[in-house]
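Have a look at these structures, which come just after this line.
Note that subunit A is present in both complexes that follow, paired respectively with subunit B and with subunit C.
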Partner chain A sequence: MKNPFEDFGSLSVERKELPLERIVRAREEVMERMVHGYLKLVEEEVKDLVWLVEHSRVVKAYSAAVKSIRELHYDSDDIEEFCAELDSSNRIPYMISGPAGIYLSALVNHAQEDRIVLPLKDYQRAFHFVGYRLPDGKTLILQGDVGDFVGAGLSGGRLVVEGSVGNWCGAGMLKGEIQVMENSGQNTGEWMRGGEIHVEGRIRSVGKTLFGGRIFQRGKLVMPQETDPDV
Partner chain B sequence: MVYNSNGALREAVHEIHDYIRENLYFNRSDLALKGKGYNSALLLSLMTGLRKGKALIIGEPGLGKTTSAEYVCCLLYRMPLGTIWGSEVAGHPEQTEEKIIGRPDLGRLNLGEEVVVWSHFAMLPVKIVDEINRLPETKQSMILDGVDRGNWEYLNDAIINREYCLFATANYQDRGTNTIIAPLVDRFDLMVESKHPGANLAYMIGSRGPATSTLRDEELEGEFHKTLAERSPYEVRMEKLELLCERFGEMIRRTAQVRSLSRTERETIRNQMDQIHFDLDSNAFLRMVISELSFCHRFGQKRSHETCEEGCHFTGYVCNGIRNCISNRFPTSVRSMAQAIAWFMGDQAVGIEHLKAVLPYTLAHRLQWKEEVVAQREKEPRNDPLPIHMAKECVRDMHRRYMEQAPQVKNALAVACQVAQGASMEPVQGDHPLFWEIRRDLGEEVLEP
Partner chain C sequence: METLEERQRMLEEVWVQVRKRHLYPELPQPTWAEQEERVAIDIKDKRISVSAPIVEELSQFMDPAEVASGLLDHAVSHYLHCPWDLSTHLKLYREAKHVLKDKQMAQKATGYFMDVVADTICMSQKESSLPELYRHLKRGIMDEAVHALYQKIWGLDLGVKGYEEVARKLSRLPYLERGRWPESVRKFSKIVQSLLEVEERFGGLDRPNPMGEHGLQQYSPEEIEQGLKQFAKDAATPAEFKEIVEDLQEELLEAMEPNQKGMGLGPGRSLDADILYYMKLAENYALPVRSRPMEKSGALYPHHHVPWEVGRPFQDIDPWTSFGKIMPGITQTWERREGEVLGREEGTPDCIVLIDSSGSMTNPRQSLSYAVLGAACACDAYLRNDSQVAVYNFSDAKAGGSQILPFTRHRWSIYKTICHYFGGGTKLLVEDVESLQRSSTPDIFLITDMQITNLEALIQYFNEKKNRVTAVHIGDNEHVRTFRRSMALRKNVGIFSVEKKEDIPKIVLGRIREYFHAPSHA
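After this line comes the complex of A and B, so read on.
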């Protein structure tokens, strides 16, 4: 059949796109790279889909995560969307909580914003290691319950959890502040060297080995003190 | 004398136009082109005559519907007024095929031979039907069918007109008129009104004696009649007639100082007009107009018996105000008339201005408006009869929409061209029906908006 548009063949085509289309495409590109970085991390760090929490592995995973996001331009909305992808998307075939949390922490720590809020309460899965190495000057607010090792290695930032935390909250933290609005699990503040942990609810147990720092429960100092550390 | 160059021929046509306007048909300007005023009835009749078209001229009795067509035909086709009058078909209910097309030669029939005596109306290239709406619909159809194809059949004989144009006049509805049914009215390229010229111009009519005398020559008219009545083959008679036309042309050049056109010159003009292309804007605008007059998202296309859905997404477009679907004769008429106007104005391409000038007149008789739309508009202040007024308003609206979206529309068509050639691109989306039509043409499943 004859091309009915032939008369316009000489006209150069302008691809005028709506600003929204451009924004959506840019966001999709960022998400694509985030997902790719996470999957690469999992591929490199997780063998047989099992990830053991060892200090050296955590450090190595974090370094790999930081490396993969080095040239990525993103903001807190992208991080929030990445959390949603981790929780329910088909794009991520396996979500391994540890590396996912470390990758998330790397994203938070290198984001341009100083204050980041992540609404996690509607997610099915628990995120571990969120707030890992949160640096000085950053505030991370987590809305909802989170998993283990939250705020581990905290490096001067302020972490607010509007819910409960799992075990090993603030493990090995150096400085900064963790505020938990509800309860915390076992070994809270294990190996912490500085900073403060404030828990408004129940603390299942505090860590056996603390090198410094202070833990408060409902405003009352519970560590260091002479009494039995189990509250 | 033959004027072959584009400019000389155009000058001759301008001369004819000016001669009629200044001496024979007094009327006000109601159509502006390049800042100059023209009378639509005269200008478009002239273009119809040049383009072998069909014009329906409406108006009150005695306001020059038939006479304007007669003058135009007389000068364009070099035929004395008396010959034209003799070929006219008068519309009345008793009109017969024998009077319109031809009759058996009774003398030869008595000898057992079946020979047809063709009417002057069937034979001459100039065809004028006076008060066509007083003819019954079957007779209207017979005339328009013949004119559509250019061949006239009677008994077992036929003649083929190589060149012809039709002017039909119609009074407004009264007790003696029939309706011109939609399929018949669609065959006219355009509809124009011969208006009252106003008190001051009307006062001048007849003040200089019978103006028609310069366009008559009884001796020549007699020769025309004799040639037409000959029993020689039709083509032979037409060749002889052309010689008489040349003599008449020479005569009016001497007496009235006005040029006229030979058959060859008319043919040259038509060829020149046919070569005038549409620029991209007029091309896209015409597509946009056609899409608004034929598009229906729900039912695939407009159909006279199907009504629009309440709250349709396309309520603001013309498709929602009309009942019928525009025919394929419409783009042909627009193309032909717009090229004629562009040629007349000396332009190299048909542009939006030419289209805007001809669209109301090519649309007015073809649009069947919904009653509620007519009710809204009929009391509006206006200078035109309601169908032409509504067509002008509708063209104005469509033009406004085009001006708002011209770059997007052209871009959509350019993208569509590349997609049709196999490029992997997404067709441009937009709200106007034309965007939807483009996507349909590219084989896309177009979903409800």
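After this line comes the complex of A and C, so read on.
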């Protein structure tokens, strides 16, 4: 009797592993660890799903975020994908804007690349604290509108927002430059100690307490206000 | 390639190898396309056409048999893996459209995504000449980017320079995981959006994909019917179904063109996506229709043998089992029993569908209306059983808010009438219902929220009639309870409640309590 499967005998059943599979596997591993790190941060720092913005808590959350990503190897594509996960993934049961932005800032500040572009315009949620403590030599470009405390504690980096920012932009920044292509909210530059903020659109209000630094609106210095030596 | 015969023989030989490599897919023998096409392959109703001029052109770089083999690998992989069926194709298009908001760009992105999936699956499982083919194919902007992606994810040099960033981002998507295709096509579309916009500016979107377009003509009319049915089931709202179907209306109608039938459409008609949605969705719920009960026919027929006894009539003796003898104990006679037949008319009766489309009911064009879906399922069930359906769609009937469709089997007219939405008050005219009555006593299917101003008149009408009534109420309210109470003693009325989509399959058309109490006949 003829074996009906004889014709299949000469066919190879071995499956080749394509580079695609390695790339996808590596990417998923990184994403898994990023999500895990973020959820751990939220678990530790956020009680009752409410996160109050206090200087000490922000510092503590940032330190915890940096610690959790210490041995993680990732690039700007991973950060971009993490933003998308934060915005819409089922893997992240709760996205709390403050800790999410701080975790994102830690990722950006410790990435290998010096220039990172994050397209945020299609996301439904606003990210706060993005660009927190952006260090010297780093450029972060945010495409779209962002939330509050953007560029807070900026530490020498260059932050470009291709959209509008919320309140407290550049709060407590030390040095570096923030460029906002559209509008900024209230208390812009509050407690800033150095660096420059350039806003191309409207500034709702400038911070009451500035220890240094300069704020420009459409190229014109608005803070500190220039005094005419002749008057 | 010298002669036509040699070329044909070559294609046949290559096809044998390709079929074997892909474990014998059920596809007909491919043919050569002779005209000067700009695409290498074309699939219509499952038949693959390979462009002879393009194979000729590429044969200066590689063996023509290798060219044909690569092209057929690509086409077969589309058939076997991605998109696999029309429903998947539509879902991928829907996701791409969601991101790109433009029909042409979404079609391009979907096509390229399906190419990447099909080619990559083929490359991961078979030895194929696809890479060699891609090395020599003419490329546009999108082709360059996709081939740069291939270089990265296949680990081969296809001679593409540039597009590293796009290729790097695209290479992160899990093309081999079918369950994640919707998410992947969204990301794919987002990444290639800027390239598609450049293509659009330079008219590149009008140029066909060199490996062939992914029109809906590749599907058979049956596959289109099935695909739409599945897509209607998966669509979250009628609007979602409508958007996609209206986008692809021309292609869908063209694919149905061979015999211009199916889907209930006549020639030269456009698709009304809302009606099509309920029509296809209803096909997913096959409601049972009870046949008419058995009743005594009055005629006697031979049922079984009993021993003949003296005094019993001779005419019932069965000579074949009596050994030719008339002798008590040996001779067998037929015992006769009265026969049973279906009612006066055999089979499933016709049906009058009464549907409420007043303001308290959901507008079927805005969101999924359980009333319309329920009525569509009922119509589908009766039509499947070769019966006719009449429709009375009412809102404020006295003020002209009603539509009457006499008995018909024309599916499209029936669905069009049940999908009509008045959105006014709720009053029906029993005279209108009466005008649809027939001597054959059709079934009545009523679907409403029961907030009918003259509900008493309807209750009285049902009390007077012998029709089997299937009454379906949407939601629960005082009127529903009144109706239930009033109909409690009626054996010819079955009442069902529909709160969610899952309740619809529980409806049994023509179920009346009488059948359950009827004595069984062995």
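Assume the second predicted complex is superposed on the first by the 209 of 231 C-alpha atoms of A that agree within 3 Å, B and C clash if a C-alpha of one lies under 4 Å from a C-alpha of the other, contacts with A are read in each partner's own complex, and residues count from 1 in each chain.
What we mean here is this: contacts are C-beta pairs under 8 Å (C-beta built on N, C-alpha and C of every residue); 3 or more make two chains touch, one makes a residue touch a chain.
Here the structure is a predicted model, which means the values were calculated and not measured.
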Which partner does A:59 reach: the first (subunit B), the second (subunit C), both, or neither?
neither
Would you sort A:77 into first (subunit B), second (subunit C), both or neither based on which partner it touches?
second
When both complexes are superposed, which of subunit B and subunit C contacts more residues belonging to subunit A?
C
Where does A:221 make contact in the superposed view: on subunit B (first), on subunit C (second), on both, or on neither?
neither
By the touch definition at the top of the document, which applies to A:23: first (subunit B), second (subunit C), both, or neither?
second
Per the contact definition in the header, classify A:5: touching subunit B only (first), subunit C only (second), both, or neither.
first
Both subunit B and subunit C touch subunit A at residues 7-8, 11-12, 16
Considering only the defined contacts, which subunit C positions touch subunit A in the complex?
20-21, 23, 120, 123-125, 127, 152-155, 168-169, 171-176, 187, 190
Okay, in this complex, where on subunit A does subunit B touch?
3-9, 11-14, 16
Complex contacts: residues of subunit B adjacent to subunit A
278, 280, 283-284, 407-408, 410-411, 413-418, 420-421, 425, 438, 441
Where on subunit A does subunit C make contact in their complex?
7-8, 11-12, 15-21, 23-24, 27-28, 77, 81, 84, 122
